[in-house]
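Multiple structures are listed underneath, in structure tokens.
Two complexes, one shared chain (subunit A), two partners (subunit B, subunit C).
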Partner chain A sequence: MRFAFTEQQLELRGAVRQVLASECTPADLRALHERPPEPAAGPALGRADPGRTSARWAVLAELGAPGLLAPEAHGGLGLDEVDLTGVLEEAGRVALPEPLGESAGLVVPALAGLLELPGAGADAGADPGKVARWLGAVAHGEAVATVGGVEVGRAGPVLTTAPLDPDAQLPDAVPCRTPRVVASDRADVALLVAPGAGGGLEVHLVEAAAARRLPTPSIDGPRRPGEWEWVPSPETRLASGGAAAVLVGSLVDRGALVAASQLLGLADRMIAMAAAYAVDRKQFGRPIGSFQAVKHLLADARVRLEFARPATYRAAESIARGRPGRAAHAAMAKALASDAADLAARVALQVHGAIGYTWECDLHLFMKHTWALSASWGDAVTQRARVLAEALAGRSG
Partner chain B sequence: MDLDFTPEEQAFREEARRWLEAHVPAPGSLASLDTPEGFEEHRRWERTMYDDRWSVVNWPAALGGRDASIVEWLVFAEEYYRVQAPKRVSQNGIFLLAPTLFEHGTNEQKARYLPPMASADEIWCQGWSEPDAGSDLAGIRSRARRDAGGWVLDGQKTWCSRGAFAEWCFAIFRSDPEAERHRGLTYFLVPMDAPGVTVRPIPQLDGETGFAEVFFEGVRVPDDQVLGGVGEGWRVAMSTAGSERGLNLRSPARYTEAAGRLLDRYVGRLAEGGEAAEAATALADRVARAYVDAEAYRLHTYWTASAVAEGQAVGAEASCNKIFWSETDLAIHGLALALGGTGSELLEPGPDGGSRPGEWLDGYLFALAGPIYAGTNEIQRNVVAERLLGLPRG
Partner chain C sequence: MAMNVVVCVKQIPDPAAPSSLDPGTKTLNRSGKLILDDSDSYGVEMALQLAGNVEGSEVTLVSMAPGGEVSGLRTALAMGAARAILVSDDSLAGSDALSTAKVLAAAIRRAEPDLVIAATESTDGYTGTLPVQVAELLGLPSVTFAKSVATDGRNLKVERQTEAGYDEVECPLPAVVTVTAGVVEPRYPSFKGIMAAKSKPVETLTVSDLGLDASQVGWAGARQEITDVSEAEARSAGEVVVDEGDGAERIVAFLEQVKVV
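For the complex of A and B:
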């Protein structure tokens, strides 16, 4: 048993942290917050790279971050989820608005996994050449990928894709709508889950150009959620039947892990901001951080974060090794990380006082991203219900 | 990162499991260790473990241990709690004083004190708190005065767990009243039967004499019963406190084992249907949270153990630990009582014909002390805020 990162993992994470400190500043996040939502679908970027989003993706691509999990043969780094969790924690620390979790943590392993299946995707009609092309493009950072159509409920995956005409029958050639696709306006391609024949499900790879994309206003504007209208077809279908169910199960676990990892970084950032403010800000002639009421708020947040971390790293290790407990482990990590980050946000706001309630103070940039990620891929209560169900099943044998 | 136990760790687990299953007394069959009979029954259990070298597995073989790694020590604790083995009557010695002795003791002191500690021939209590020095530990007033060939101790210690029955006490005294208050302290090892030591047992919440007040009047101790140097008492005590708050005292197995039983109790209530099932359903999220927290504590402990095994020091993070395990313990046992509903305050028949708290009420009473001893959780929050977050001292 060795429950620690390697030197190499710490170095990679350190490099990402250093780069993001200058490449993803609060000013960049503000530029993305203040940019009005685009009225309709269009090219990924309306004007010259607001918030430096394209430049930042290029820098992350240089580090190999989007292709971290991709096999080297497909232009990736061939690393695993334990490497990725540290990188995503750093993404969280700066509230990275780009879909690194979705591209690197969800789409890349999904596509790489399909190529490894015997007779890759043949049953569903997916063209292995096409899958490999997209995998390479996403791994190299040439294409930005996102995910939609599946969320996490107490009883398992919840499918959100629905036909535009409620009486229409999926799967094929019926226009449908997938809500809450993140990075909607900057993604080049999306992995979309849709209901399949006979109550099953399907996974499709949909190019942005083939979809009508409508922005969905969000308090966490830089995350850019949107609705995709698209038409499932044999050409877009990656998997159906059992293969699709396995893929969606994996998305649910991985989604929890990538969100949890980022929430750890967000919590750490907000606690650090509040602690720094508590040292600077004076009332009654002394720093407010010298008052126990303030100390104890921050200490409680620090404690919850301290105990969310190893659980998240364990979930990464479980997914990397394909352990049988990985679903429960990912659920546990998400529950702990969501709670830790929600508490950190709440406490950081309280410690900042009225200034923290303003647009001027940077805190809101991190709070809002926390709210979005905390609610995504199963909130704490949902994930705890999944853990409980799993644990009870385990105890009854 | 590899969370599989090594073949050696796995073999160690299996050996421990076999031994424990063959030797452990039935759960609840010993009298409370806070009674004279129970104390001796628990001492005999420690002796049984010692005879087969299971009482202090992480100590060197020469001192009665097995040179177990820190991970193996955690594995042993998991097996120990799995069979609901008795509370460790030696815990103040083996978990708190022993690491301090290994770090600060002379070779003569280690040879003198460790073996009888391992065999439970000598059981230790802790003499730190005083009536006017609890959270403000550096405010202690008990005095150590230089005298020919040693020291003379005067003063009063209180809340000494197992103080009513223990043979020895590790205690801190003020040896230099002129020095800055953290610098004038010295750490002493004192036999409880020394002339001038008076013990007044104090019944705890459960009515048993779990701790005691100890009075020192002209108690003479030689120089070789000073641990870690004159005036070094605070530094030495903080190393003990690190053990108390951090890895050593509260094995995660205590919480994971109890959390597992909590789930069984929850399922049992669901199966009853009706009001019991509805009450249980209303508590579902809190039950899940207690279970998740116990697991988070286990993972954090293995995470810390790996860091320690690679030579990193555990600093103020130990204070995070103490807050977390004590609150998790309370949550688990409080929920178990809540699941029981009406009547959870009732006692059960004990082995001696009397009545005593059942396992959950007993566990709850024990858990209630957690946020108080080893430095209150409020003090721990100050430590976290000041040492981990850099907030100014108040």
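For the complex of A and C:
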């Protein structure tokens, strides 16, 4: 199989890189780190825009990034996951705090997939008109979308949404709590996974206005994680039963790809920062990068990154083509990308020496985003177990 | 009235990459990939805004570059220009500003413009003479240093930047206008624009296609020659004043000496 990016894919990536270089600076990230979490309420209009987060989303929307995977009939570009992975790598390079991965890479394909199902939403009776409306809004970047309620465990998806009252009878009209919803305070809508009847799963589309949202303290503050309290109902339900299981399976694979893509960009950025510092910083009359103890560290980090790249691109291709090995490929990509980014963070910190530990040095802005993403959608150990499970099940091809 | 707005764009070596002079010809090395001159992105944006105001209007790019280079043009096409004319010919190497103006004027004439927009100067050459030369060759009025441009399709209203503020200038179309950097916010090319740029027409012309003689352009036609290149003199260190309670007085004395106060 020939695998190289097309000229157009490289141009899209280049365009995002150029835009984000000026629209998402370390100063913006710093402003978001320093902004205290605020209770989510009210429209963003007229509010101050610390770290230019709203302005940046508007630029990304203008570019067409949120709708990259959406069908053209719904205002999107009709491109695929291979196109998206390069764009998200660039998002990682600047530690983009907005939920582009969640909106463009998870919610858009989930909604578009529901509309394509024969007898759309028949399993749950989701209103195709409502799904299409939200798909259009998210694809145009008018609505910011996020995802919650599911994480990745060794044995498969792990549900994190739980009823507030553990003894309550599921499924409907029982208030639930979903922890660690990213972009909690800036999302307009969330795709939330919840427990269904008889131990099954359900997927709901929940408007932010209908949820009580509480910020969660996080090392990666700009990512704005929070807890959503909400009430599942037939109106919010998108899918249940078999359709929900398929949707959640797809979310888990796509979540791994979205995180892996961004981790590649983060690793690249941190290695570049460390390499630049190693050239600039002199000790014993020479740049520290000339010492083997330093240059080998950087070379090892680079090698780890370059091995993670093709695995991530293959996962993108497998998901785009719906290949049977996509779950194994996504898991492998996430395992390798997490390891590569974690190593890049550690090496960059060591190469920077004491200055790397300071608030004033930009490195921490990228390390913290790396740690958060590396642990999300299944960390390296979990994803390795998934690779094994998929291989034993004969689905790794 | 629908307008055809022509924008002169230069494709230059990436200013972020280290540049070099060819030791033989003492001219800028342009063998690598060329990109859209940043200062031209303001002209493109201005043209797109003017064309966007009048239905049916289009923006045409005109450029001269070696090796059939189109990557800078693609960027401007992705921003929204409709088509491009590229003049690329080995005999153009070594062209001075006037020869370049002759070539561009001939190319612009083919596009039958209602308005020609250029940057005040390029980021790699800085001669700043080309736009007015083009205007003269085309026999069109020239308005330089525009900070805002408005048109009804027949006449042009320009606020022309001056040291003291700005002049209001009006002239009939067609005309040549140069816009200063920073007067508009150039748009980012969108994904849709990038995808569409692939299928937009780029007409590539040679010197003879334009009816010019190779002896009029390039090294053969240049009236300027770079005879020598030398390092700029290093800045002197300046004077360090240690404040011994009389710092303010000494600053005032210095400013008086250079006639600032």
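Definition applied: the second predicted complex is superposed on the first by the 385 of 397 C-alpha atoms of A that agree within 3 Å, B and C clash if a C-alpha of one lies under 4 Å from a C-alpha of the other, contacts with A are read in each partner's own complex, and residues count from 1 in each chain.
Just so it is clear, a residue touches a chain if its C-beta (ideal position, glycine included) is under 8 Å from a C-beta of that chain, and two chains touch if they have at least 3 such contacts.
Model, not experiment: these values are computed from the prediction.
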When both partners are placed on the shared chain, which of subunit B and subunit C touches more of subunit A: B
Partner chain(s) touched by A:59 [first = subunit B, second = subunit C, both, neither]: second
Touched partner set for A:278, first subunit B, second subunit C, both or neither: first
Contacts of A:393 with subunit B and subunit C, given as first, second, both or neither: neither
First (subunit B), second (subunit C), both or neither touched by A:82: first
Touching partner for A:298 - first (subunit B), second (subunit C), both, neither: first
Subunit A contact footprint on subunit C (complex, rising order): 74, 78, 187-192, 194-195, 198
Complex contacts: residues of subunit A adjacent to subunit B: 1-6, 9, 82, 271, 275, 278-279, 286-287, 289-292, 294-296, 298-300, 302-303, 306-311, 313-314, 316-318, 332, 335-336, 381, 384-385, 387-388, 391-392, 395-396
Subunit A contact footprint on subunit B (complex, rising order): 1-6, 9, 71, 260, 263-264, 266-267, 284-285, 287-289, 291-293, 295-297, 299-300, 302-303, 305-307, 310, 317, 320, 323-324, 378, 380-382, 384-386, 388-394
Partner subunit C, residues of subunit A touching it in the complex: 8, 11-12, 15, 18-19, 59, 62-65, 68, 77, 79
